[in-house]
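One chain, chain A, appears in both complexes that follow, with chain B as partner in the first and chain C in the second.
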Partner chain A sequence: MGWKSEKVRVNILEHELVPRHEVLSAEEVVELLRRLGIRPEQLPWIRASDPVARELGVKPGDIVRIIRKSPVAGESIAYRFVISG
Partner chain B sequence: MNISDEELLKLLEPAKQILPPKIFNELYEKVRGIPLTRDELSEVVNLAVNEYLNTLIEPGEPIGTVAAQSVGEPGTQMTLRTFHYAGVRELNVTLGLPRLIELVDARKLPDTPIMVIYLDEGHRYDREKALEVARRIEITRLENVITRVDIDLITSTIIIDLDLEMMKDKGITTNTVVKALGKIKAVSQGVRVDEDDENRIYVEVPSNYDFLKTQKLRDRILKIKLKGIKGINRVIVQRRGNEYVLITDGTNLEAVLKVEGVDVRRVFTNSIYEIENVLGVEAARQALINEIHNVLEEQGLDVDIRHVMLIADMMTLTGSVKQIGRHGIAGEKTSVLARASFEVTVKHLFEASARGEVDELKGVAENVIIGQLIPVGTNLVRLAMNPTLARSRGDR
Partner chain C sequence: MRGEVAVSEEKVVKGIKFGLLSPELIRKISVTAIVTADVYDEDGLPSEGGIMDPRLGVIEPGQKCVTCGNSIVACPGHFGHLELARPVIHVGFVKHIYDILRATCRHCGRLKIPEEELNRYFDLLKRLEGRWPLLARGLTDYVRRKAMKAMECPHCKSRQFKIKLEKPTSFLEEGPGGSRKLWPTDIRARLERVDNRDLKLMGHDPEFARPEWMVITVLPVPPISVRPSILLETGIRSEDDLTHKLVDIIRTNDRLRESINAGAPEVIIEDLWDLFQYHITTYFDNEVPGVPPAKHRSGRALRTLAQRLRGKEGRFRGNLSGKRVDFSARTVISPDPNLSINEVGVPEEVAKTLTIPERVTPWNIDELRTHVLNGPYRHPGANYVIDPSGRRIDLRYIKDLKAIAENLKPGYIIERHLKDGDVVLFNRQPSLHRMSIMAHIVRILPGRTFRLHLAVCPPYNADFDGDEMNLHVPQSDEARAEARVLLLVQEHILSPRYGGPTIGGIQDYISGAYLLSSKATLLTKEQVSELLAGSGYEGPIPEPVVLSPKVLWSGKQIISLILPPDFNFRGKANMSAGPLRCDDYECFWDSYVVVKRGKLLMGVLDKKTLGSQQPESMLHWITKEYGNSFGRKFMDNAFKMFLRFVEMRGFTMALDDVKPPAKAVEEINAVVEDSKKKVAELIEQYNEGKLEPIPGRTMDESLEIRIMEVLADARDNAGEIATKYLDPFNNVFIMARTGARGNVLNMTQMAALLGQQSVRGERIRRGYDGRTLPHFKPGDVGPEARGFVRNSFVGGLSPIELFFHAAGGREGLVDTAVRTSQSGYMQRRLVNALQDLRVDYDLTVRTPSNSVVQLIYGDDGVDPGKSSYGNAVNIDRIIERVVGWKL
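Up next, the complex of A and B:
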C-alpha cells in the first residue's frame, strides 16, 4: 500500500487535511441505505485508487464513513461509495 | 434544587441524539451554571431542539442557486481590486478573483504554486536547523554553484570552476558534483578533478561532437540537479510565532512529505491537484473549502462557509476534483436542454439529436425553457396512487 519501495513511509492519514475514514460493516450498510432510502451509487463516490482508500484497503462496493470536522456543526458525518478506478 | 452534572448529561441525552456536537456543547455549557427545575430544564431543551429543527434546510430548497448567488454577488465586487499582493516579502501569491477562478476551474497547476512547510519538533525552534531542512528541499543545480564555465576547443573539454562559498552554503562537496556529472551518459567516462585545484573539474567532450553539440552539452551539464526536490525553486525561512517555517516557490507535496525534519501533519500546498493525488479526495475537498473561503475572506467578503462547502461537495462528488463549467459539473448534467442552455448550445443539441437522447425534464433549467413550473420547493411533491390499496379499502 502507498509508496511501496520507498524507504520512508509517510502516514498520510495523520495529515490535518485528511478526515477520519471508516469502512462500514455489512449491517451498517443495510441500515444506512434503509435510513436514507437510496441506492449505494447515489452517495458521493470515492475511487478505490484514492490514497486514503488504498491505505484502508477498501474494495469497490464498500461504503466509507467520513467524520469531518466542521466549523458549523463541530463534527459532521458523510458517506462515500467506493467505485473502481 | 440543583441538578448534578451527571444527571444533567443524562437529561440532555435525547437532545444529543438530534443536535450537532457544537450546538449541543453550547447548550450544555449554558444550562450547566443555571439553577433550573427539571421541568424548566426540559422546557429549555425542547425549545433549543425545536429551534434547531426549524433552522434546517427543507427538502426542495434550491440551495445550489442560493450558493451560486451568495458567492457570485460578492465576486462581482472583487473584479476591480488588486490581482496580486506581496505576501511573503519576495514571494508573490495570486489572490482575489484570478485565484477564485483557478480554484473553481480545478486547474492542475496554480498560477503561483507555493508551499508552507512546518517543521517537526527537532527542527522548528532553531534557525540553523530550519535552514538545514531548507537546503534539503531547495533545488540546487550545477549552475548555482559555479563561478565560470569554459569550453576548451583544442583539448575538447569543458572546464568548470566551482564556487567554494556557494557550495558550502548549499552543503555540497566536489564529490557530489562529480557523481552527478557521472550520471550523464555522454560524459560519464571523462569527468576528472584537477590535481592541484579541487575546485576545477574537467569534462571530456566525446570526440564526435561538433561545436554546436558541445554547447548544448554544456547547457545540459549546467542544468543537472545536485540536491533538492524537483519543482521547488526557492525556499524562504520565516518566523511564525515561536517557530520557523519554510515557504517555497513551487510545489511537490509527495516528495516534501518524505523529507526528514518536516512535520507531515501540517505541510501545506496551494495545489489542489497535488493534494488530491497524495492525500485523497476528502483532503482535496477540505483544501478547496479552506482556499475559497480564504480568498473571499481576504477580500473582506463575508460569505457563509456552508455555500463554499456545497461547491466543494459538488466538485468532489465523483471521487475526483471536477471543475465547475463546461468540462465538469455543468457539462455533465443529464439533461440535454440544461447543457445546451449553458455553453456551446448547438453542439449539444446536435449531438443529442444524432444520438436520440431523451430529456426527462427533471431539472430546473429545462423546465424554464419549456415554460413549466420548476421542480423546486413545494413543486417537488408528486402525487402517487396505489390502486391496490384503494381497492382493498373498498373505495371505488
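Up next, the complex of A and C:
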C-alpha cells in the first residue's frame, strides 16, 4: 500500500482532474429525490471504496454531488448514490 | 356493432421464470417412452416406441395427430422421453455442479459454514433480495467461496477432499489414497443431500432447480416438428442432425443397459458410460472445448441444440431479433433527378406484389371497385378481397371480377396494389443511423429498379454501382401515420448528429449551382423560361440586367426568384481559399456569398452554401427557419434548376483538362530530377557517415525521414507547377474548387505525378530480402526502388510504378475491411446498451425502470437536430434576421 506512506500521500480531491465532490445534507437528499421522483438507488452509483469516496469519508447510503466542467454547459451537476463495496 | 361485447379473460405476463425440468416433470410431459433405436420398420413406417413415433406429432399434411387430434398446422408436436441406463452430467451445468460439490460436505451435504454464521447470512440475504439484487449476488458468491475453503465439515466434522474438474465433464476427488473418479451416480447422490436453504445461500432456487436435476436420468426427446426429415428428389429420406444424434444416444443407452444386465466387467461398462456421456454432451452442444465434435458421415460437424441457438445465424440473432419480413421488396437502385427527394420510384412489378389492406367505406368504394375490376394482373389492381366474415377471396382464381366488384359493401377489406402517394419505408444496409430507414412517397415507374433522388444518397451512403435497397409497406393506419409524420425524408434533412443538413447538393448540383450563379452567366429569355419552368416557378420575371444588344438576365437573378423573399444570408463560398479567398463582402473573386431580402447579391453558390453535410450553410438556414417542408420544396426546385443549367451549358471532363503543356512537363521533370539528386546526396552523406541525425532518431530513421521530406516537396512543387499551367476555368478545376468532386491533390496526381506510395506510413520496403522487386539491387534505397511514382495518371505509370501503386492502394482496402467489422461490433454493443434510454419531460435521461442516467440530456438539454452546429441558438443569425443586417 504505497500510497499510505506519509511522504507520497496526496489529497486527490485537490487534483485538477478530479471534479468537485460534495456530500448532500439530509434536507438536500429529500428535496432531490422528491424532485426526481425516485428512490436513492435509482441514481447512478459510486462505490464506497472509490478513491474519491474514501477521501471524502462517505458511507453507503449517502448521496454525492459531482460538479464537473462541461464543454457544452459550462458546469454540469451529477449525483451519485454511495453503495458498499 | 350488434351490441355484443366479447368478454375475454385478460391475463398479463408479469415475468418469465427459468428453471430446470425435473425427471418427474419430463416423464409427465412425455407422451411416450422411447424404447427402440429402430427408426423405421421394414415397410418404411415409423416404428412404435421409436424416435419417429407418430405420437410425437403429425408430419404428413392431411393426417390427424394421434395425441392431440390436430392437423399438421395446429399440432404443436409432443415430447417423448428416454430412460437412461446410467445418469450423465449435463454439460451446460458443469460449472454449477462443480461449485456445489466444492462448497458442500462430501458426507452430510451441508454448506461448509457453521450454523450460526449461516443463519446470519440467510437473514442478510432475505433483506438484500429484491431491493439489492446485485449485492445479494455478491453475498451468495462470497458464501460459496468461503464454504469451498473449509477442509473439515463444521456440521458433521468429516474430512473434506479437494475436487478437481477434468474438462469437460469429469470430476476427480483427491482423497488420501490418490484421486478417484466421481461418477455421475456419486455426484447425483451428493447433490441430492444438499439442503434447500443452503442452496438459496449459494444463489440457487431449489424450488425450480434442484441441483440433482443437473445430472440427467431421463432425457426429453423433442417432437418431430423440431427435427423434420427431408425427402430428397431421389426418394431417400434424409434425417435431421438431432435425429441422428438421438439415434446414437438410444443405441449407446441400449448397449449400456445390456452390458449392465449381462454383468459385464466394470471396465467395459465404464467405457460405455463415457461414450454415453460423450453422445449426450454433443447432443446438447457440439462445440464444447476439449470434446471432438460429432461428425456426419460426410465429415461435416453436426448442428445440435446449442448450435441452433447461438451466434449470428442462431435462433436469437438470426430469427427472433432478425429480419425477413412480409410486405417487403428488394432490388437494385438507380437515380432519378426528376423525383422529389421525398419520393421513391417503385417498379410496377413490385407494386403488383406488395399490397395495402384498405377497408371499404362509402367514400372509397368506387375507387376500390376499379381496383377489384383490374384484378391481380393489371396495375392499380388488388390481390385479395376479404369479406366481413373474414373469408379471403384470392382474385387470381376469380373469373368474374365484375361480380365481386359489384358485391363490395362497406366493411369489406381490399388488399390493393401499392400505388402513387402511398407511404413506404426505404432502407439501405448497414443501418448505422436513423436516416438509414426513411419513409418515402411511392411513385410507380416503369423498369425494374427502385429510383431515388440523388440528394438522399448521402444519408443512405448509397451510390449506383449495383447497390440494392429494401422497401417495406406499413400495413396499419397508425404505422402509416407514424411514417408520414416522423420518418418522411424531409423530416431528416437536419441531422440529429450535428446541427446541419444531411441531405443536400452533391456533384453536378454543385457544379450547376456554381456555373449558374457565376458572374459570367447571362441568360436569354428562352433559357430563363426553361430554367424557371424546370424548377416549377410561377410568377413574374424581373427586369433584365442587359437590355442591348440583346435582353439578358444574370444567373443570380434567376436563383433569387426561388429564394424566400425575406431571406438573409452571408458567408464564404467553398471557393474562398488560397488566392481566391475573401473574408468579407468586398470580394473581387465573388467568393463571398451575400443574400439580402431574398436576392442573391454577390458570391457564387457551391458546396459550402448548398452541399450536403454542411452546417450553417444557406441550405441549413432555409430548412431551419422556413421549415422542413419548405426546405424540401426548395431543394426539389432549386436542384432541378441547377441540373437543367448544367445540361444546357454542358459539363464534361476531357483528357485535355488535366494534360499539362510541354513547358509544364519540362518544369516538372526538372523538379523531379532535382529531388532525385538531393536524395542521392543524402544517401551519399549517410554512407560516409556525415548525415546529421534528427534528434531522437537513429541514422537509418533520419535518412528515411529526410528522403521522405524531399520527395514530398517534389510532389507538392510539381503539383503547383501543373495547376499553374492548367486553365483555372476548365471543368475539372471547377469541380475541385467548388467541392463538387475531387480536390487539388487528385488533380496533381492526374496532371503532374503520383508521388511517394506508402504502406503503414513508410516508403515501400516489403518484398524480397533487401529490395522491393528483383529489378533493383539489394540495399538500394533510392526513390525508384522504394515506391516513388514519378509519372502521372495522364502520362501513364511504368509497370514497376503500377505495382507500387497497387501495394499502397491495397492497404486502404484492408483497413476499410478491418474497420467496418470492428465498428459494426461496437455499434451492436452500443445499441444493446442504449436502446431503451429515453429523455423524460423534465429533460432527464432515464432507463425503463425510471433510474436516472443524466440529470439533463447532454448536460445542456439541447437537441442537436434542432441546434445550429451544436449550439442551442446562433445569436448572430438571430440578430441578422431581426435587424436585417449586422454591422
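The rule is short, and it goes like this: the second predicted complex is superposed on the first by the 79 of 85 C-alpha atoms of A that agree within 3 Å, B and C clash if a C-alpha of one lies under 4 Å from a C-alpha of the other, contacts with A are read in each partner's own complex, and residues count from 1 in each chain.
We take it that contacts are C-beta pairs under 8 Å (C-beta built on N, C-alpha and C of every residue); 3 or more make two chains touch, one makes a residue touch a chain.
For clarity, every value in this text was computed on a predicted model and none was experimentally measured.
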Which superposed partner A:Ile12 touches (first chain B, second chain C, both, neither): first
When both partners are placed on the shared chain, which of chain B and chain C touches more of chain A: B
Partner chain in contact with A:Tyr79 - chain B first, chain C second, else both or neither: second
First, second, both or neither for A:Val52, with chain B first and chain C second: first
Touching partner for A:Ile66 - first (chain B), second (chain C), both, neither: first
Contacts of A:His21 with chain B and chain C, given as first, second, both or neither: first
Partner chain in contact with A:Ile38 - chain B first, chain C second, else both or neither: second
Set of chain A residues, in rising order, touched by both chain B and chain C: 44, 70, 72-73, 76, 83, 85
Chain C residues touching chain A - in the complex, by the definition given at the top: 131-132, 135, 138, 842, 844, 849-856, 858-860, 862, 870
List of chain A residues in touch with chain C within their complex: 36-38, 41-44, 70, 72-73, 76-79, 83-85
List of chain A residues in touch with chain B within their complex: 3, 6, 8, 10-12, 14-19, 21, 44-47, 50-53, 66, 68, 70-76, 80, 83, 85
Residue numbers on chain B that touch chain A, as the complex places them: 20-23, 25, 257-258, 260, 264-267, 275, 277-283, 286-287, 305-306, 309, 313, 316-320
